[in-house]
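Okay, got some structures for you below.
After this come two complexes, each holding chain A, first together with chain B and then together with chain C.
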Partner chain A sequence: MFKAIVSASTLRDALDSVSVLVDECKVRLNEDGLSIRAVDPANVGMVDLSLDAAAFESYEADGGVIGVNLARLEDIAGMGNAGDLVHLELDEETRKLHIRIDGLSYTLALIDPDSIRQEPDIPDLDLPAEIVVEGNQLDRGITAADMVSDHIDLRVDEGAETFHIEAEGDTDDVDFEMGPGDLIHLEAGPADSLFSLDYLKDMNKAIPGDAEVTVELGEEFPVKLHYEFAEGLGQVTFMLAPRIQSE
Partner chain B sequence: MGNADLRQLAALSEVDWDEVAGSVVAVDAHNWLYRYLTTTVKWTNDAVYTTAAGEEVANLVGVVQGLPKFFEHDLTPVFVFDGGVTELKDDEVAARREQREQAAERLAAAEERGDAVEAARLEARTQRLTDVILETTRDLLAHLDVPVVDAPAEGEAQAAYMARRGDVDYAGSEDYDALLFGAPYTLRQLTSEGRPELMDLDATFDRHDISWEGLIDVAILCGTDFNPGVDGVGPKTALRAIADHGDLWAALDAEGWQVANADRVRNLFRDPPVTDDYAVDTDIDPDVAAARAYVTEQWEVEADEVERGFERIEDALVQTGLDRWT
Partner chain C sequence: MTPRDGTDSLRNRGVEPFGMEFSEFADRVAAVEAETADLEITSLVAGLFADAGDDLPVVVRLLLGRIVPAWDGTTLDVGPQLCHTALARAAGPNVTADDVADRLAETGDIGAVAESLETGGQRGLAAFGAADPDPLTVADVDDRLRALASADGSGSQDRKVDTLFGLFNRADPLATRYLARLVLSEMRIGVGEGTVRDAIAEAFDVPVDAVENALQVTNDYGAVAVRARDEGKAGLADVALTVGRPVRAMLAQTGTADDALDAWAAVAVETKFDGARVQVHHDPDGETAVYSRNMADVTDALPEIVEFVQDAVDVPVILDGEALAVDDDGDPLPFQAVLRRFRRKHDVARMREEVAIELRAFDCLHADGTDLLDTPLRDRRDHLESVLPTGVSPLTITADPDTVAARETEALAADHEGIMLKNPDSAYTPGKRGQNWLKRKPEVETLDLVVTGAEWGEGRRANHLGTFLLSARNDAPDGDDFVTIGKVATGISDERLAELSDLLEPLIQHQDGTEVTLDPAVVFEVGYEEIQASPTYGSGYALRFPRFVAVREDKRPADADSLSRIERLAGE
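Let's turn to the complex of A and B:
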């Protein structure tokens, strides 16, 4: 059983964070909200999302699992204005999701959850550095890095208490330094890891500009990017595996 | 050849790349190389892989195209090269050479007629693994730090042996012979699009309620790479004959069939020349820059032709997976 009403913008924010990594996913319809965990086919980027029942106008579920094609569902959610309410109802018998949005009815065929890639185990990470930064700032660093390279170095200078987003291109280099004045919070620790910009750019797309992003970082370790949406009732954690640094 | 017959006997299933990720596969190098050679030669202008001195190294293009598939799916290949050809296979080798020579004549004729399609098809068949091809393949694999093992004879037998000993997780070959050589698990379709096919030895035994020895006898009756089978005997008849009569000799006796060299073929599958003298270091640390220089500078392959492959190799080997931390 699943029946819920949610604003189009909240639904879109939730779907966007998953669709940057996978085309289809399992959605767990828990009693207290829905959750999604997915990893891209190469096992490099992972998303762990939860959306509390309180983020919905109304929410009833009893713990089922559905498989959805994310692009389809995003298209439908895109048919409404931000404030429009989306009505979702699962037909257990036909395994279809009935969606109503501003006079529009849509019946979405679901995917057999067993045919979708298994939900990944969450890596066990104890990362020494934590940086809290505004989404806009992160976006600025990533955009600049993308101009010169296809990978990006995230680093903390423990002595100077600064966070660096750096990229080295064939000819040009970028260093975006953020000190205590630019950051919401910094817990310095040994942290220096290299990441693929392809992935980070996609993750960044899903992060709202005004979100507070908690970046957890280590030395040649995956990075964790955590932020909230839907007024704190939605939680997203991205994890991205590093590239091996040469030399 | 008996390959179609063996396919009917083998327990095969498609598997997800996910299921085989993280494993080591001993690849029958000649078998693998041959497939990439034929496709490269078929689809690429020969100017791309011919040096000013006239040496053809299409294999280098093939290796650079073929390797990323392993790395992107987190599979470590160990390439097993054939040693001296076993005596029994001489006929087969001679026959292949003869086929190639015939094809070469037809190729010349097709070129003269301007029949490009026929010429392309024939050119693939006239490709052979020359000394240059084998040597440059080894050199390129060395630059990329991909492990290589030298078999005393059949690469496929050595790959199966390594899989049996548990030094690798799978044998890798398109040939169904890996089954007769006793590879517990063989991955096929490593050179094609899509998912690999798993050939399971124990499941094959169970399916036909047969032993390894019995399976070899059945294959000999149908025909293998090393012997022509009994005329008109396919897998069903052969299975029944071995089940009814017990083994190859009894079956031949009872049915009045003849198979030349049957005892030698049987021994070859049961106890092929293999070696324990190999070391497999699966910690691959490639020098992609050196490999690139080797292919494009030393052997004058057009850089554009291999750039994408090298990029894929680089990306696959420097990008870690999250599973390393779970």
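Let's turn to the complex of A and C:
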């Protein structure tokens, strides 16, 4: 049983964060809200999303799992204005999701959840550095890095208490330095890891510019990016494995 | 390696079964690639098969550069660009897809390029306690590549790149070499279908003929290898046709009525239709499918054949025949009309209005639960006529040369291509161009045409002009002196190609990429089977099956065949 009403913008924000990594996913319809966990086909990037029942206008569910083609559902959600309400109802018999949005009715065929890749276990990592930064700032650093390279280095200078986004191209380099004045919070620790920009760019696309992003970082360890949406009722954590640093 | 029973139950419990590591597969493939002696290659491949355990069907297919069996219509659908992008991402910093393409242009081998890229810099989340365990196994590669091959085209390009990137990233350099080749379906290790057949026989101690027969019936090298290992010679003899799974078509050689009458007590004479070969699989309780000679699924393009068989046949059958285009009076139209329908994906309904297609069935491989491959032709025909009341190509069995000649005259008069001569007591041998079916056609015509252009060859033939542009003499009052009518590239030995290059190189006027324009000076005699109307060439005509016959050193361009003669021939 699943029946819910949610604003088109909240639904879109939720879907965007998952669709940057996978084409299809399992959605857990828990009693207290939705949750999605997925890992990209190369096992490099992961997303963990939860959307509390309170983020919905109305929400009823009893713990089922559905398999969803994200591009199709995003297209449908895109048919509404941000404030429009999307009505979702699961037909258990036909395994289809009935969707109504501003006079439009849509029946979405669901995917057998067993045919979708297993949800990943989330590695339990204790990362030494934590940086809280505005989504816009992160976007600026990633955009700059993308101009010169396809790799990006995230680093904390413990002494100077600064966070660096750096990129080394064949000829040009970029260093975007953020000090205490630019950051919302910094907990300094030994942290320096290299990442593929392909992934980080995609993740960055899903992060709202005004969101506070918590970046957890270590030395040659995965990075965790955590942010909230839907006025704090939605939570997203991305995790991205590092590239090996060449000396 | 040991056989691993209960793999399926392990899989069901979500436990990753262990299997042959892809790096071991790569090591052994590298040994095969390095070997030059055929017998030694076969025995290396046989050893690999013997050690493959549960991965045997996959190993067999991968060696042939295939992800799915030949009868399966799905393709990997990964273009070079996608592969280059994934390789670039798996490579060290700041390598782009264009860099990969550039290196490929230098070496000509995607495997060597991939091996040189220092892939593997990206770590997986697995290393930090999540998801898939390393190392990469043959089964992993198969799973992931199959996911890419899913026929419905679902999955975005981005996700395909991610999947490939993930594979490249997990492979060591040597494994990357073969993975890249596999992705582009070109193993290039000197192992063809014949070697695989012989290696299956050697590995599992079964006769080569038994393997060959089972392959012809199933078209599935992986499944046949497993059967050879698990059930031996008896198991191979038991393989049966499956309605819905195409079989290779039996082929004909060219021959004469005299050949046929000398060799056999009687001759089965059939009309040779100017259509396209089709194999129809029909299950009254299931699907009806139509396959081309190359086993491509053309069901959707030919709905009237599907409807016809569904209406006419009420038992499961596999029929062999020709799809023939007919005009409003039911008279045959040339082959090019059939081509307009074949493999068409869009506007099928509209094209169906323009060009009607009919089935002319001439053989029956399976009828109502009975495989007929080993049944003599004359008896297969009885089955055919009993399951299909109409649409059967007429057959005459005779020992009289005059009757054969009369059938030929009749067929040609009805605008068909000629006649087929078959041994009425022969079995159906899939995929073989044997002595039991002969196609007799009127003598091939030739034209004398002027060479006005050419293209530099590729690979081994890169230093020679390879494909020659032919023109007819334009005897119309205006326009160019010569008008193009086609290209010829077949029927020419390497030696002759070198001579022709020497002859034509001095005539080059100018060059654009690999294409050159030539002074009209040399006349080729070119054989062909038919002249078709075509917008491709300046003359408005094209040659079907053009074949180089000779250089007419006795002729000058002014003596070449004229456009008006070609118009006359095309109109006949």
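In this text, the second predicted complex is superposed on the first by the 247 of 247 C-alpha atoms of A that agree within 3 Å, B and C clash if a C-alpha of one lies under 4 Å from a C-alpha of the other, contacts with A are read in each partner's own complex, and residues count from 1 in each chain.
By definition in this document, a residue touches a chain if its C-beta (ideal position, glycine included) is under 8 Å from a C-beta of that chain, and two chains touch if they have at least 3 such contacts.
Predicted model only: the values in this text are computed from it and were never measured.
Three-chain overlay on chain A, with chain B and chain C in a clash. Using the contact criterion defined above for the overlaid structures, shared-chain residue A:M1 touches neither chain B nor chain C, since it reaches no partner. Once chain A of one complex is fitted onto chain A of the other, the partner contacts of A:E168 are limited to chain C, with no touch recorded for chain B.
Once chain A of one complex is fitted onto chain A of the other, the partner contacts of A:P222 extend to both chain B and chain C.
Judged by the touch definition given at the top, the superposed model places A:A109 against neither chain B nor chain C. Looking at the superposition, the partner that touches the larger set of chain A residues, chain B or chain C, turns out to be C. Within the superposed three-chain model, A:L125 lies in touch with chain B and with chain C [touch as defined at top]. When the two complexes are overlaid on their common chain A, residue A:V22 makes contact with chain C while staying clear of chain B. Judged by the document's definition of touching, chain A residues 39, 42-46, 118, 120-125, 196, 221-222, 239, 241-244, 246 lie at the interface with chain B and also at the interface with chain C. Interface residues of chain A facing chain B in the complex, by the touch rule stated above, are 39, 42-46, 117-118, 120-125, 196, 221-222, 239, 241-244, 246. Note for the complex: chain C touches chain A at residues 14, 89, 92-94, 96, 120-132, 144, 147, 154-156, 159, 162-163, 165-167, 169. Looking at the complex, you find that chain B touches chain A at residues 18, 21, 72, 74, 315, 317-326.
On the chain A side of its complex with chain C, the touching residues are 22-23, 39-46, 69, 71, 118, 120-125, 149-151, 168-170, 196, 198, 221-222, 239, 241-244, 246.
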